[in-house]
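Below is one structure, written out as structure tokens; the observations come after it.
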Amino acid sequence: MLTGFSLPKSPKGTSSVVPTPPWHFVGTAIAVSFEAEPNNIESFLPEGLELDSNKCTAYFVEWQAVSDGEEKEYLDPVRSQYKETIILVSAKFEGNSVSYCPFIWVDQDVSLVRGMFQGWPKQLGTTWITRAYNLPSKASPIVGKGGKFGATLSARERRLIEASITLNETVESLPTPNFAKAVNVRYFPNLELGQHDKPLIHQLVQLKSKDVSISEIWKGDAKMVFYDSPYLELIDLKPTRIDSGYRFSFAMTVDNIIPLKDLR
Amino acid sequence: MLTGFSLPKSPKGTSSVVPTPPWHFVGTAIAVSFEAEPNNIESFLPEGLELDSNKCTAYFVEWQAVSDGEEKEYLDPVRSQYKETIILVSAKFEGNSVSYCPFIWVDQDVSLVRGMFQGWPKQLGTTWITRAYNLPSKASPIVGKGGKFGATLSARERRLIEASITLNETVESLPTPNFAKAVNVRYFPNLELGQHDKPLIHQLVQLKSKDVSISEIWKGDAKMVFYDSPYLELIDLKPTRIDSGYRFSFAMTVDNIIPLKDLR
Amino acid sequence: MLTGFSLPKSPKGTSSVVPTPPWHFVGTAIAVSFEAEPNNIESFLPEGLELDSNKCTAYFVEWQAVSDGEEKEYLDPVRSQYKETIILVSAKFEGNSVSYCPFIWVDQDVSLVRGMFQGWPKQLGTTWITRAYNLPSKASPIVGKGGKFGATLSARERRLIEASITLNETVESLPTPNFAKAVNVRYFPNLELGQHDKPLIHQLVQLKSKDVSISEIWKGDAKMVFYDSPYLELIDLKPTRIDSGYRFSFAMTVDNIIPLKDLR
Amino acid sequence: MLTGFSLPKSPKGTSSVVPTPPWHFVGTAIAVSFEAEPNNIESFLPEGLELDSNKCTAYFVEWQAVSDGEEKEYLDPVRSQYKETIILVSAKFEGNSVSYCPFIWVDQDVSLVRGMFQGWPKQLGTTWITRAYNLPSKASPIVGKGGKFGATLSARERRLIEASITLNETVESLPTPNFAKAVNVRYFPNLELGQHDKPLIHQLVQLKSKDVSISEIWKGDAKMVFYDSPYLELIDLKPTRIDSGYRFSFAMTVDNIIPLKDLR
């Protein structure tokens, strides 16, 4: 009997790229809220979503993630650590404000494939974020007023995003759009000849997380630049105005997803 | 209107990780045919396949791949080159000999995700194979009698396979099992709570390729060792006997897949 | 006029791999103190050093480093972050206890070349260490009694070291041997024919650091395994006994080195 | 007795990053000859060299390299394969035309450190070049009239160079400047306080190679773009005119270097 949540299924089930849910996540994020050209945002929205506003957020996160009871996953950190850049735009689903992700990059296969099962449109890319340390040093910013943090994204050897923030004050709220109401598209195309545009799965889904906890949230000023690519259309969502920068940590558990609408 | 064969779908469709088929491949392979413990092979076969023999082949390949008319993909080689290790075992489907892949590793996202649409159980891993050059040098083997080539696989920072072959003679046939009759499992699990063991897609599929061409095939002796891992079950397919080593190049086009049997 | 501290020298001097000192470092370390076979330790000591004891320490560190006034280096973290594994053994120089580094691995060129100028025998290798976060989560250990942290080293695709520690109590002292009295060998071989064994530089040097600060030091139990390699002789320093595990952060500035003895 | 050509020296000498010379190399190169702003070229020349012309060449090479008798190095290809981008400019030394390298990038430590011993100003960077295969395929160019090959360089996550060539005819000569008369600067700065600008080694050296062989040389048209970086000054050598593109393979042995002039 083969077992395991994802391929490759195997006799013991420990070979699967993605372990069986629940999945527990904790991460430290640099975020930049910004505005983009509304027509362009709209052009990236899937059927079923409508334009809500021109508000967007870019998140750059250093994650550690494990499955249930799997202390040994974080003791072999190459299995549990990954870095991620997430672009979220504002949208409406049946009149309610939600967020939608047109682009997301990670640097490990477990995260890439796990994300696909949630409808995240993941690609490989490398994210770097400035770290804080609990010691005074010219080599790191303080987590406090005036502390400066950078974040960068590159994919297939091209720098795509550079951002930096300067902390100013603690606030109560995360930037919006955020993960709380993210709507994704689960998708699996059909390679059968003549069926290339008739996917086996094409479905709007609502992400679900539980046991969410959030650290102190620092907010301040931000800069961010998107760079062009010969094929990635990220540049069409480039900031027309930068709003604010944020730094916070975030923990959550995921074991569920809610189908909203079949798009086939 | 969003377009593109895979996520992320986008207005122009050029952002998708996987471009629209057909996909054209050309690669140079080192292969080692071997025998493994038949009970263990059987334990890796999905429903619908039966044990055929204890014959297996490991392929280590340096690929270059493009989609239709996309010269520009091979002019930006980070988009088109990848290296792959493929383990194939022998199996029977409805009485006919086929091959089945319990493990496969690649080093680029386009190949990882494209493979998932074909049912390949791809993970990230790094493959290295010795190269030949068209000049005499102590730094490279000859493509001829006595030429020695190595191949290695590592994943998540652990060496998993080391192989080497010594060329002896040219032959007419590829090792078996090979790609020609590969049967895979298309699979997409359902993250909805209570449905984790009720996949949305779970289907035996027959791979299809066309416009296949094969170079001169060199055959000779081989050595190969599989190393253990705390979670990957590859070691259960370790060689009980090494058969032969091979070196050849291979070109093909893929734009189709044939569903064989629903396993849900 | 060309300028810059290291090659490549250039008109503005900003192209050098290594910026001009001082260099400011801050890092978080997992460390394991252990004993190795004294004869083997002795066999790794350079001329001028004598065996002191069988005590050794392995350090696994996530660093962030900048040169003077270079906030922009930590805002582009790929320039300033690197991970390192350091093996230190005990030795005596002219009757005084010092530490000596037979092996060290880093994952960035700036650190590799900067280290060579200090006599560190750096190679490329990838280090991973479990991270702590300031939020309760199944995905991370606590920095407190019972918290478990892992660390691994791989080089050229082979896993070389696996370690894990369990925190028990805070202590006042770092493990010994440590960085405080490290003696290295500055070395630059001569490629001129007939001079391959007559280096241009071959010198015992004493490392110097200033503005050192150290966080709270957690100590506890540890496990550690060294794996064999076909060419690296690390295995000859494998633990014969594991002493303790440590976790702490560390900041310092380096702009000096003290020549001790010419070995030519 | 410690042995080995480079650090780390060890009892058996097999732990050294760089094995003892001679070193045997074989590689396949894409090259683009171009002109740059003469004043800028001159600004990169070290003391002892004078401007010769505005002619430059960029080489993008896939190498395989071993030390003497070390078949086992190419059977573990991660030890012997690396990719390199080399910029050569024209210069004069004591009235004779030579070539000088202001920038060079490689992707393995053995090559980085080995290069430093020859005065190459090596940094880590990733080079990709289009491959040819001995089979007709849409996925690869032909090695013949009309065949198109691309090459790219990236360092620290930024794309720095993109080039492509179209083969037209075979020719007898390599582009100039080339490796044949390369003059480098051997350099080792002194970290002792107050000596940061008084290097221990600072010397013009003439590279030496032997047993050189060169394949058929294809020449044709070329395109090449240099991209800017916040700190690398490569852009100052950007093409003001593109001359030609080349593709060829190259083998050589290195065990010597000739000191020309002390620059201290």
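Letters A, B, C and D mark the chains as written, and numbering starts fresh at 1 in each.
Please note the rule applied: contacts are C-beta pairs under 8 Å (C-beta built on N, C-alpha and C of every residue); 3 or more make two chains touch, one makes a residue touch a chain.
Only a predicted model underlies this, so the values are computations on that prediction, with no experimental measurement involved.
Most remote from chain C, judged by the distance between CA-atom centroids, is B. Overlaying chain B onto chain C using CA atoms gives a rotation of 180 degrees, to the nearest 5. The distance from the centre of chain B to the centre of chain C, with each centre set as the mean of the Cα atoms, comes to 39 Å.
Centres computed as Cα averages put chain A at a distance of 34 Å from chain C.
Here the spacing of chain A and chain B, counted between their Cα centres, is 30 Å. The set of chain C residues that touch two or more partner chains comprises 76, 78, 126, 128, 152, 157.
With chains as nodes and touching pairs as edges, the resulting graph is complete, every pair of chains being joined. Residues of chain B that touch chain C in their complex: 126, 128, 152, 154, 157-159.
For chain D in complex with chain C, the touching residues are 2, 5-12, 14-15, 17-18, 20-21, 43-44, 46-47, 72, 76, 78-79, 102-104, 108-109, 112-113, 116-124, 156-157, 185-189, 191-193, 196, 200-201, 230-234, 236, 254-259. Residues of chain D that touch chain B in their complex: 24-28, 62, 64-66, 68, 71, 74-78, 80-81, 126, 128-131, 133-141, 148-152, 162, 164, 213-215, 249-251, 253.
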